[in-house]
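What follows is a set of structures for review.
Paired with chain B in one complex and with chain C in the other, chain A is shared by the two complexes that follow.
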Partner chain A sequence: MPIHDHGYARYAGVRTQPGRAWAVIAGAGIGRMLSARPFLLVLLFAWLQFFVRAVMFYLAANVPQADVIAPSPATFRDFFDDQGFFVFVVAVYAGAGSIANDRRANALQIYLSKPLTRVEYIGGKLAVVMAFLALVTWAPALLLLVMQTMFTGSLSFVREHAFLVPAITLFAFLQVLVASITMLALSSLSTSARYVGMLYAGAVIFSEAVFQTLRGVTGGGTGLSWVSFSASLAQVGDVIFRVEPRYDTPWGVSLLAVALVIALSAWVLARRVRGVEIVA
Partner chain B sequence: MVDANARPAFGRAALRVFDLGLGQMLWSRRTVFMALIAGGPVLIAALLRALASLPTFDAGAGQIGGRAVSLDGPDIFGLMIWTFYLRFTVPVLGVFYGTALIADEVEDRTITYLFTRPVARGAVLAGKYLAYLACTAVVVLPSVTIVYFLVVPLLGGSIGRNFPALLVDLGLIGAGLAVYGAVFALVGAWFRRSLLTGLVFVFGWEPLVVVLPGYMKYLSVAYYLQGLAPHAMPQGDALSVIQALLTSVQTPLATWVNLAALALIWTVALAAAMRAVERREFVLGQ
Partner chain C sequence: MARLDAVTVSYGRRQALQAVDARFLPGAVGLLGPNGAGKSTLLKALLGFVRPDRGRLRVLDMDVVEQPLEIRARIGYMPESDAHIPGVNAVTFVAYCGRLSGLPPADAMQRAHAVLQYVGLGEARYRAVDTYSTGMKQRIKLAQALVHDPDLLFLDEPTNGMDPRGREEMLALVRDLAGRKGVNVILSSHVLPDVEETCDRVIVLHQGRVVAQGPIAELKGSSRHAFEIRVKGDVERFLAGLRDAGVECHATDEDVMRVLIAGDRGARDLFALAARCGVQVRHLQPSVQTLEDVFAQAVGES
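And now, the complex of A and B:
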């Protein structure tokens, strides 16, 4: 039908309340990631440990000779340790290009010229990475707890270890937040997702290499574990799950190291995600 | 009379691309990443040296501020070669630059310009690979040498006596850069998500298979490379302890077998990468 009247028309759509725009970015990001088949394969692999442990829980609940593999709070702690590699892979896959690609396409200025604040933009991007990381950490860990209850047909394990649900939730949130915000901060520093992925791998592995060297020099002493941010996170995790801390570093120092990483990443994001480039 | 349609020889074409690639690699922001990776161990070595010169350091008792230092200079150097170079710098630089040889050109949409030149596509990869080798060797090998001179004299270590071990280390790291670079050049030419594939191989597959009994470990580069290391393997994390345990009960491969395996991997990977670049159609994304 031809358009006869090019005159002004008042917007008749629904006005979204301020502060909700992050959900649009998050939804679009999650949808885009879910449409990538290789990423779904990565998620499937990340759930392998869940299936293996579920079988072990079944055997422990139903075969009297399999008592040795019966779950304990340490089992759930180990689950998070073993998921560390997938946290790394999913963080690189989902997060490396999240801001870098927008910067590369000069889309950041377009985003921020809309009714969208910087906080909403960062929140939306953060939500995408955090959602997928929670899907490979928090969700399978909680589901394992549910499976344990289902297989034994009793709530006694959950009652005896009532701290497990909050511990799983708190540690998963901490692990996911550290990985996501660090990745986003690095992503805001470059226009190349490949470079960002490498920077993240470098930061994680290099800090671990420094710790291992210092550990060797000091004859196996682990008091300097705070130099590695994965070791710091592991130390805090041990305290949250009420298992023996693996390093000599006071857990408060490890928590401070983790908090510093989060604060530094937030500062980098605040400096780098701007609608205009400020040239000094 | 000069034939305008004549292609330059493969070697000459590769050298031209090498010349171009070296300039691009050395004067890019990525060099900052490489400098950080190679400079980190130097910084740690300088810190250790500074600690050793503090009044709180008791060289006779081997203590810093009352805390025992259990290793001497050559041992610390060996530890640093393992943790920083063999397990970190060499594979990371191999992944980063090796996968970037072709992937960067695809990402920047400049591969068309390279492939429309009258040179063999394989020569483009060979030239870029040579540039990667030169660039990483120029940065990493001096870093190892500086660490050696800073760390080895600590706690009575002798620079002269340990010099042959340094030469072995330099050769080993050079070989590692060459082989990892070739493997990841192949990964970069084959896979779309080449960086992630490379990271999974280096930090997921290799640490796992070298501790598995059986033949799985032969499907890695790290096994052959670590078999040539003249220093004792450090035992920090659980995987290292298992690896050291397995190494102690298994007959290690002879040096020539390790070298032959690395040479074979290098040749096959580089040839396959060049073949892949020659045959593959690279589709530039939107």
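And now, the complex of A and C:
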């Protein structure tokens, strides 16, 4: 029996207008990550700090002797610093294979033959990594603020530090965006997720090593912190949370360094995400 | 269905398409050419993957540069190389492609099952695509191109790497789609029998230029007559005589030659030439021009 006897029917149903495909890509990517048990374990570990700090907030609110651990804006700034390790792990886990695996399987020409733009494709992939990074930074930080209010039964802390909600949101967005877009850019350069993970680790460690070497050479001066990926972000974070900046570099320079990393990553993505490989 | 007006596409200094004018009319159209002729580049230009240096491309009455998304919503593309979404099974992959093309989730899943049945992967639809054989990967590429029910299907070397039975089934699907299901097809291939079996019209590309286009039947029934001939005697002298007389000649099985005579000349002229060359005609049989003859002439003349 010829196989086409199984039939093929024309489709008469509805179709959505182009422009929503990024959400399909993001939804599928998030679903795929959530079905991986090791990744769920990583997410669980990433929330440990939240639980520890929540207990500390409870004690500070209810035990007079625990006043020394009462929260301040610096507490939230430290929370983001301590989450840095999980930002790294989640970014590698969720982002390293994001484009690299598609390139390995030649999936880009499948994607881009559908009614979606390259920006939508990148947006969908970016949304997956950003969603999980926001889940381990922005979400627990905001929830900690809610916990603090609940434990003290007063809004006085939030009122006194009204900048905290926007600061948490702004810094989390910056941290998440830099990690996500850098990871995606590196992912677009290779067909091996493992290699991309190592490349990302190398980039973070190398830039920090260069900074520390320069720091040693210049007798402990930190004016060149802008050469480090993470130091630049940390410097900008200090300014956003209104705490004493940890390095001598003007924060504008650090912000410029962060913006350059984002711009470079966007440029790499624009060059690498194409339906056809231009080799000539 | 699709048309190109003076389209030039370059990769660096190399021109892959040079001022190409072509019309793809409704039905099944074959895009023929040797490797490197520019077939895949032409398809990729029609898809909007590569931007032309000059010229204009229109697909389904829409401009490729101005309305790429509207076009892609109505076409399906089966790439030449292996291509799939990694780490998922066949039905998830095809349904995902349906959703990317704008189908609601339930419809996409329903059509994914139907289309996988249609291409002969019904039994294997829950297997991971990464584990598929080459022939199965060809079929799933067709399924992902069909899931959203396109009006126009671009097939780039659809029988690559398939065994004879698989190839026959793939060609049967293409014939069925173009002939009974009303899906227009542009089939790019360097395998002439594939095009001859499935298409009504053909466009022949060579070195980035269109060297022939039109209905296959018309091109085959051109002003040339084909003969199969076997001679005894000084074959080399006879061949030289044929060349001097402007007669095209191809070797076929053993000592049988295939000659193509243009104009109103015929068998009588062959006998006369054989006599002049001192060879004896042992076998002379009129034949029909094949697509291979058309292709060889088009490529040879360019």
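Here, the second predicted complex is superposed on the first by the 269 of 280 C-alpha atoms of A that agree within 3 Å, B and C clash if a C-alpha of one lies under 4 Å from a C-alpha of the other, contacts with A are read in each partner's own complex, and residues count from 1 in each chain.
Assume contacts are C-beta pairs under 8 Å (C-beta built on N, C-alpha and C of every residue); 3 or more make two chains touch, one makes a residue touch a chain.
These figures come from a predicted structure and were not determined experimentally.
Q: Under the stated touch criterion, which partner chain does A:T218 make contact with: chain B (first), chain C (second), both, or neither?
A: So A:T218 only meets chain B here.
Q: Is the number of chain A residues in contact higher for chain B or for chain C?
A: Counted on chain A, the partner with more touching residues turns out to be C.
Q: Considering only touches as defined above, state whether A:A21 meets chain B (first), chain C (second), both or neither.
A: Second partner only, chain C.
Q: Considering only touches as defined above, state whether A:Y195 meets chain B (first), chain C (second), both or neither.
A: The first partner, chain B, only.
Q: With both complexes superposed on chain A, which partner does A:P38 reach: first (chain B), second (chain C), both or neither?
A: The answer is first: A:P38 touches chain B but not chain C.
Q: Please indicate which partner A:G13 is in contact with in the superposed arrangement: first for chain B, second for chain C, both, or neither.
A: Touch partner of A:G13: chain C, not chain B.
Q: Does the superposition put A:A105 against chain B (first), chain C (second), both, or neither?
A: Touch status of A:A105: second partner only.
Q: Let me test your reading of the model: by the given contact rule, A:I205 touches which partner, first (chain B), second (chain C), both or neither?
A: So A:I205 only meets chain B here.
Q: For chain A, what residues appear in both contact lists, the one with chain B and the one with chain C?
A: none
Q: Mind listing the chain B positions that touch chain A in their complex?
A: Going by the criterion above, the answer is residues 29-30, 33, 36-37, 40, 44, 48, 67-71, 76, 79-80, 83-84, 87-88, 92, 95-96, 99-100, 103-104, 107, 193, 195-196, 199-200, 203-204, 234, 236-237.
Q: Can you tell me which positions in chain C touch chain A when the two form their complex?
A: On the chain C side, the touching residues are 11-14, 44, 47-50, 69-70, 72-73, 75-77, 79, 81-88, 96-97, 99-104, 107, 111, 114-115, 117-120, 122, 130, 144-146, 148-149, 169, 172-173, 176-177, 181-182.
Q: What residues on chain A touch chain B, complex-wise?
A: 38, 85, 88-89, 92-93, 192, 194-195, 197-199, 201-202, 205-206, 209-210, 212-213, 215-221
Q: List the residues on chain A that touch chain C in their complex, please.
A: Its residues touching chain C are 2-4, 6-11, 13-18, 20-21, 24-25, 28, 32, 101-102, 104-107, 109-117, 274-276, 278-280.
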